[in-house]
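Chain nomenclature is as follows: A, B, C, D, E and F, assigned in order of appearance, with residue numbering initiated at 1 for each chain independently.
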């Protein structure tokens, strides 16, 4: 990743290159029930990041020997469309996509009452149509809604956001440009009412004090995402007719 | 294997209804479902489109990449069409399984575009014999509710029609991007029409339910001037020669309707 | 495919580069029963195109969950030998080979009484030893004979041939050179006594009238192939001893 | 599925014991098992190490290869970290199966090394924009008795620290090796500390038995100057925000102890 | 698993018969089955052959391709041997499954040809250090009735012996084909002889039936001058040292008979 | 492989480049019981060649349909670490590794009382940490010891060594440098008390007389290896406590 000379991503009065303040998140639009052939689905536009999530299940585990006797088996598949990034990407899953599928699954699992559905599978399919930073945060947040749309009982929603360090300052909700030029990236997934951190990753360099500050910003940011998620749920279930598709 | 019973009953109903020219969703035998095309949805792509026929939804994205020409056509760019079945599009798609259905879909869409010569590939040459543009056209099946071929062909076509291409130049012996963008060298506007044979009737734009009981399907691609540029019979039934002739005739008619939809969508985009 | 300048593939008096008339098919030689370890087999030389077909089955489906309760499952595997084409070809199946396997299977299936053999598999293995145009037509026609050789009851033989457009003229049974330089290629598979088109593909550009004409030529051509197939069957079963191998 | 009973009983015992600050193998909650590092074991590698934490054993080897730079950083060499699970390391590893666990391990080890900027990759450039050194760092899991991440990170780190690099020069436009060896351009000494959460306690350096019953784990990598350079929460449980803060604090302490072990091992090697 | 009974009974019969020097198909223990070699069958290949030993049938094709030399032998062309098991050759072959048996076959055939130095690979160099001929030799198993190794080796050998190679020349810094063809630089004529051990007897050229009950096999390749150039013991039984010596002695004798067959086939081709 | 000009690998008085006589084997160190999670294991240092072998089994066959009704199924997996050879090696198994896995399995199988453990699997995993010639011989010899360590009853140990031809002379136990420059390589595996040759391969060029001589040298060499194997077993079982790990 090119972290070389970039001219001023944050102005002297703390305004970022896209006009946001350091602790301001991008416009986020969630929508539930956007797909026809799933048990639940959600679409998210998070700045220019655009992601579709579909949930299949609970359904019979296949192959059967992978079924778990006392709970549902959750799987997540995070994939990026070939045209979602700057350079054309081969559709074969990269090691990054394999790792992200794993941490996304682990971020969502604590929220699901898996013990209600022994011997079944719940599959979460994530397709990134456009990637502009924070795709794992957007995926987790949207997948929570798709699980709700599927009627799967949950302990809480999982909300997710990232803090980055750009030109020495901690900023909330890094976009792609800030991530590439930035000094660090730290995404977190969080169940607010449970005070439960279900995903936490970091790369780059931060001091212990910056780490502590970041945790505070992440908590606050996740609460904002949480609010938007709840609004999307309410507006979805308020409507009598099935929600119209995205755009 | 009692799952075979339900389709058989359903097939009987569909055939009976078709005797009076009707279909289970109220269409006539030659009606398309509602068609929606939305272009420019993926800003990072060089061209993009989400096409819907009924509830079937396909996203297409175009990406330019610098690559090597084929040795036998050293001065022409290369178009490559791929098809991905996103697993949430249908309970039948399994993640990561390469599938002959996806391969056939990609190749049928590819032939419709390629054989019409809709892109002037000579304009995609950067350094003759050495460097050309590779045009990746990838279709992603997002919702499968019948007639993937026509929907994917529409998405791919409209993504290409609304694409722009990067300008490249030579600095010494290295290829550099100028940062400017050029219009796509578009020469035609091919569309694809698919009919299903069920019993002895032909159904334009089969729905998912109709596809489950069809005998076979036939897809025909037409150029703007009305010439045929690709054809594909699919699935394990057969057509009589007369049915083939009739199907192609119907398809020719419908192709003009489809092309009108495309033109409208493109004009909206401009 | 290079469709550029080629000097005169058809002479002014309608004679093609290999001496054939526009509606004349190449020399075709079918032979049944050429392999030792199959249930049925056939070999075809179609001009310079050379193909071996072996049929295994009806036999137990493997894996079992792919078995069909009410009929036999048919599979076709079309492969080209690495040395069968101009340039060395990797033995890994190409997307072209995957598609052709599918359409060949679909072309043959309507001819087979699959309902006689529930829960079994019939596998059709096709190896192209040399490709000189019309390999799918030759494969389907030879596979019909291999199915007959295997004693599998059939509604009719499937006969197949292609029409191409070369220098503005429709010609029957395109060879490789004509295909590469030609303006279109349109293969058809046909059960003559059933008037059943089981394969139909086209690429290139033809008018609607040319399409209608092509259908006529294809029907006629398939009948010629059909005649040769029947002769091969008769000569095979006339012989008391097992047929000698090809060449 | 009665195999789930035994771990549950065991988990109860482990939690009860931890209430008095103890562990089943006699350690305190913040103790590492015995650490052994042996470098230079593979003479054919450019650097190598076998690291053990308790009975967990990981071999790491470094190999230089001449390759192409990434287009966006044309003047820097490339480090590539791979992880292989040798099937005899655990009855659960199957031969030849690519595994998300191995992918995560490789990427976590990679990030700890990479983000600390421990290697000055600009020194790995041979011909700017054309040829650079690719540094392959591969870790082979030989015995899995818990805490693979820290053990693999130690092995990879010490293999790199004791590596030397081949010297390359240009003859005309061809890259040749001079046969001489250069010191590695080392800038930092990052170490990784992993804690497991079981019940409401944090266990430093979890054993295999502890890993079988953990709720989740958290791994933190620290630079020599005490800055964090990578972090990864793993497995399907959760931590409270307070637990995260506490875990990182403990990890920071332990990182100095680990770094001392590394320094000792390196000095022995010199 | 009663399928194991039949071979055991059959094995007993085969051994009893062999005590009087006989085999189930009437051959003596040192007889080959009928050998047929037909070359030039694939006009599009640079060389080709279909070899039969009894009913075992193998096609081999040779294709030249321009490629890069290995760095350690920059002035020599490269021969690559592949083996494909066509599924109709035996009910046991599954389509698309890479198989250790095919890998072993390809490598044993390869070693017999390569180690004899039958091709002067220095003559396959086009531009020293840059471009050389890659000679693909692929054997396709068409009918498996026992002794694949000898049949495949025969097919590969005779395809090579009857090959011609394209002539390449340099135009500027590009390699072009002149359209002319050159003779293959052939230096030797290695043949491979396989024996099976069943009970305490050695069977030359084992049939399919004999292979099903063999203890093990041994294959030996000989150069024209009688030197051994490759050897491979196969399958899970063993030979005594004395049996090995005897087998190689028999193989040496038979190799001359095989070479005579090859010479005849080649002369017919000329 | 480069077998070109190399200056004098054997001196006039028959001393090899590493100081050995032509019939002298390298220092070999075997150690049993070196791994924690296997049923049996062994480590070998054979000159600079270093190999770890782990045995799992007899255990339930997986997948089950591969189980054999009347005996254990033996599998061997020979793999080279990416850093074990001069050039970095991709971890994907090469065709060489596939073939060697097969011949190593076949070399060991005759020694194991497989009929004692019907329906089970015995898996032998071999990891070459450093390759300096004779890796297959070292693997087989060490795997024998790992089988013993696993308590699997055996007819005899399998001992293995190679003879090469270097500068016209037959030499025992070729190292990498001699192999690459040498004229031939001939590895053998042998059960001394059974007079059973279980592996025999050769490449390169030797006369029939050289072949006969080689067989004699191989027998003698295998006996030397056998002696070292037995010593390793004795020293392992003499110790009351479990053997300490390699170095």
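The rule we apply is simple: a residue touches a chain if its C-beta (ideal position, glycine included) is under 8 Å from a C-beta of that chain, and two chains touch if they have at least 3 such contacts.
A quick note: this is a predicted structure, and the numbers were derived from the prediction, not measured.
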| item | value |
| --- | --- |
| Touching chain D and also chain E, the following chains | F |
| Label of the chain whose CA centroid is most distant from the centroid of chain B | F |
| Chain A and chain B: spacing of chain centres that average the CA atoms, whole Å | 32 |
| Distance between the centres, which are taken as Cα means, of chain F and chain A, whole angstrom | 52 |
| Rounded Å distance between chain B and chain E, as computed from the means of their C-alpha atoms | 48 |
| Separation of mean Cα positions, chain C and chain B [Å, integer] | 27 |
| Residue list for chain A, restricted to those that touch at least two other chains | none |
| Topology of the chain contact graph, where touching chains are joined (line, ring, star, complete, other) | ring |
| Sequence of touching chains round the ring, chain E onward through chain F | E, F, D, A, B, C |
| List of chain F residues in touch with chain E within their complex | 1-2, 4, 68-70, 95-96, 98-99, 101-103, 105-106, 109-110, 184, 186, 191, 194-208, 211-212, 215, 219 |
| In the complex, chain D residues that touch chain A | 1, 4, 72-73, 100, 103-104, 106-107, 111, 114-117, 216, 218, 223, 226-245, 248-249, 252 |
| In the complex, chain F residues that touch chain D | 35-38, 41, 48, 50, 52-56, 59, 77, 79, 81-88, 91, 93, 123, 125, 127, 129-132, 245, 247 |
| Interface residues, chain E side, partner chain C - complex | 38, 41-45, 48, 50, 52, 55, 57, 59, 61-63, 65, 82, 84, 86-91, 95-96, 136, 138, 140, 142-145 |
